Amino acid sequence: MNNAVLLISCSDAKGITASVTDFVFKNNGNIVHADQHIDARTNTFFMRIEWSLEGFALQRDQIAESMRPIADQFDMSWELHFTQRKERVAVFVSKHLHCLHDLLYRHKAGHFSCEIPLVISNHRDAEAMVKGHKIKFACIPKDLSNKSKQEEKELDVLKKEKIDVIVLARYHQIFSDDFVKHYPQRMINIHHSFLPSFAGKNPYAQAYEKGVKIIGATSHYVTKDLDQGPIIEQDIVRVSHRDNVQDLVRKGEDLEKIVLSRAVRWHLDKRILVYNRKTVVFD
Amino acid sequence: MNNAVLLISCSDAKGITASVTDFVFKNNGNIVHADQHIDARTNTFFMRIEWSLEGFALQRDQIAESMRPIADQFDMSWELHFTQRKERVAVFVSKHLHCLHDLLYRHKAGHFSCEIPLVISNHRDAEAMVKGHKIKFACIPKDLSNKSKQEEKELDVLKKEKIDVIVLARYHQIFSDDFVKHYPQRMINIHHSFLPSFAGKNPYAQAYEKGVKIIGATSHYVTKDLDQGPIIEQDIVRVSHRDNVQDLVRKGEDLEKIVLSRAVRWHLDKRILVYNRKTVVFD
Amino acid sequence: MNNAVLLISCSDAKGITASVTDFVFKNNGNIVHADQHIDARTNTFFMRIEWSLEGFALQRDQIAESMRPIADQFDMSWELHFTQRKERVAVFVSKHLHCLHDLLYRHKAGHFSCEIPLVISNHRDAEAMVKGHKIKFACIPKDLSNKSKQEEKELDVLKKEKIDVIVLARYHQIFSDDFVKHYPQRMINIHHSFLPSFAGKNPYAQAYEKGVKIIGATSHYVTKDLDQGPIIEQDIVRVSHRDNVQDLVRKGEDLEKIVLSRAVRWHLDKRILVYNRKTVVFD
Amino acid sequence: MNNAVLLISCSDAKGITASVTDFVFKNNGNIVHADQHIDARTNTFFMRIEWSLEGFALQRDQIAESMRPIADQFDMSWELHFTQRKERVAVFVSKHLHCLHDLLYRHKAGHFSCEIPLVISNHRDAEAMVKGHKIKFACIPKDLSNKSKQEEKELDVLKKEKIDVIVLARYHQIFSDDFVKHYPQRMINIHHSFLPSFAGKNPYAQAYEKGVKIIGATSHYVTKDLDQGPIIEQDIVRVSHRDNVQDLVRKGEDLEKIVLSRAVRWHLDKRILVYNRKTVVFD
């Protein structure tokens, strides 16, 4: 595929859709996907439009400039992406490797439109698996005393590898606000509970203690507020009194893999718009 | 709400979306919902667009005519609806009244944008409930010997009540092809199985015999082929070896109510396009 | 059905199941259901056993006494119930009537093994519906100033009607600890969120603000801690950015009905054991 | 764990549970799980009972003999298993490796109480993955002309590796009745549809053509009737008009992995009883 994707948000007004689709049409583009959403409470307009660049009248590097007058007219926040450019993803992981294992398998199976050149961990458990996939592995241990220094090391290697997106595949260290600012809406986390229930540590143990009949997993963008970022996707599974904490862990891991992989896929396919600490997902 | 809804399907081509949205914009309409879908296998374009008629430059009875040149240009199949016009719905029911009961409650609660002036049954079981809602009840018994004559009676009363849409809420009589032709894509049935599994009679008994671990319900448009019409919505619930046929019936009835009410709601909101014996549901 | 149901919990030990089943067998009872659970963390044994009283050697009023030596030997907490005795249920409701409406319909359809002689409300909205079912309706308005006095009135009418079980079908008043003590593990509430998320007021608005992708409903026993009692059942439905608060309410109401009715049914069928602020549900 | 598991089915009669639990108790066994089910339609009794062998009065090789009088008294079909004996599993696979990959990962993670010494395939695609896990890989290609001869080869290697259970992890060859007879209720297949819908070839393409709104996966025991064996487990996922066949395949693969792994786990934990072409799963 050789498509362009435009993500737009702005105050709602007459003529936005007409202007944008007319722009694509006049330049000989064929729309392959268009979806819009209006949030009535805030009068906000959201749009995702994807068109083929085969035969399109503008070169890639001309599109943004040609689009700008329309964007300015409606005071849009907008992003322009090209499906042929594969984003570079780094995965962070600690000692639970099931999500990493799943991501690498799916990547190999062609589910993700990206490259995965780098895995960073505060432990060595993932090293063999990562190297088996010919991916660079950086072990950067952390504790409270050296967090700031180690985050610099992480930022160095992320920069060196030109990383666009960070996926936290059960990485059990909290990042500083400073670090998070480098990847706004580009850090995806999996939390092993149905947020906002059981934020923080040991959610499966919390769920067991509470006696819930359903457990969940939540993928969200990382913000400076722990486990409070915009939710991208959630899913659940039934549990019963017969399930002990280990059973919850085992059942939950299947959820974590599926929920995280959906979130990563939608992010890479540019299907997600963030506003007001929530997401619009054009799935 | 005072909106217009346009449903379109045609062969995909450049400029369809631009032409339609431009038509709305030039006449001073504000789009409140727009979604499109392209079926790549058949190169078919589908669109639902809804806009506010407040301040719209055209009167309702002028819109179709003004739209026609665009429709002709792209050889569109199209429907134009107005949200202020409430469709008139007749419900057919036999002896299982849970779906009828549910539909009437939801109607009262404001879930459906329609009127329900008529219930037809081949039995008298529903009579008290229907009359309690001040709805006309027509009892038209049927057997193999009088089917054709009775269908004429049904068509008479449907015509008299100016019925737009028929909902079969567990009506256990099969209609003749002739009857069905009067309401193309305007007869909605609930089948108490996860079609195409267990079409025909006694699906819960069939499911029990088969030992499935999940049962379902399916709402679909009625066509001349029994239980084969385009599927609108399905949902499921888990069952186990502990459930006997009566348990399946009880669990399934909750599904039937929910699945049928979703289908009716989407139909009335003009969210469904039928093509190729399948549905596009812009939910 | 003419069965006895025994619910047991005690510290686990050898011979419990053998003693209990032997007791039933020696008295010529045929077991129709038996399930047990051991909570390994607390070494607690739970059992539900149901047997037919047809041909049973003991009269109903002799069973408890005959059972007592076994119960004492293992220091059991135990309850003995008879399926022929129909418990008397009172429903409390405020202004949202969908759960009440659903409960009454299911009761009529034979889903619940109970009588419903009484509905209490702090408003008059439910009056017509309740009286239409020939059920006594008590309107007992409440505000902060008269709560204690009004609860006394409620207790009076509950006592007069010999109520065994209270179902809070969207009753929006908080009970005093005193009141709750009269119905330990016999007050069932429906909370319109996936607890422990969104406890307290306006859970759908909270869920909307948070941008969750799934909403839920939770049925639980009422304890003195608001929305913190043992969870009986939960279920969920998917939502998206397209759903506004009203949509969440509409979707959630279907959940509330189903979740509450399951909880009520299991309670009446004596399938629930409470321990450690959680439930064992032998479904 | 060092437990014994007894699976029983027979005509229902008074005293079965008492006899069995008394047998365990008198020999000083502590029951850790007991569940029974009575199929009222066929008057059949099913029981799973698991007890600890720590301090049990009988040696393993004495248990069956001591149990026999009770079994004979009630004319039981019964199986006795020991949790310390790890069954030997062979996986068959063709070209879709996701289920195999998943099974091997779960095995490594300790989800399955078994050994996996052998993988058999009619292709070479899985060879590297299998050998990477230090598992024996046997490539036995098949076509219509050599099926019988190749099945003999398969049986030879299965016998040599003392295989107890066969898992068909997307193995796309049909076995002869003769082959199937060697592993009655010990061959577990994953079918990539919600059976009985879409049995046979290309179920995802069939589902796409039909326009279903939900797809499923089914794990079942293999019998001589293709895709008709007793269903062990099923699960489903929502799809929409936006999903093409490839999307169904991708979504379905997650289901296949989860459904197959549950079935394998239950089988290995001796939680499944087959009767009347259906299963009782004591989960």
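To keep things simple, chains are lettered A, B, C and D as they appear, and every chain counts its residues starting from 1.
Here is the rule we go by: a residue touches a chain if its C-beta (ideal position, glycine included) is under 8 Å from a C-beta of that chain, and two chains touch if they have at least 3 such contacts.
This one's a predicted model, so the numbers in the text were calculated from it and none came from an experiment.
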Chain separated most widely from chain A, comparing mean CA positions: C
More contacts between chains, A-B or B-D: B-D
Homomeric contact chain C-chain D: same or different residue positions, threshold half: same
Euclidean distance of C-alpha centroids - chain A vs chain B, Å: 37
Whole-Å gap between the CA centroids of chain B and chain D: 42
Shared interface positions of chain C, touching two or more other chains: 242
Residues on chain B engaged by chain D in the complex (per definition of touch): 37, 39-41, 194-198, 210-214, 216, 230-236, 240-242, 244, 276-281
Residues of chain B defined as touching chain A within the complex: 12, 14-19, 21-22, 24-26, 28-36, 38, 238
Chain D partner contacts - residues on chain A that touch it in the complex: 98, 101, 105, 109, 111, 242, 250, 254, 258, 283
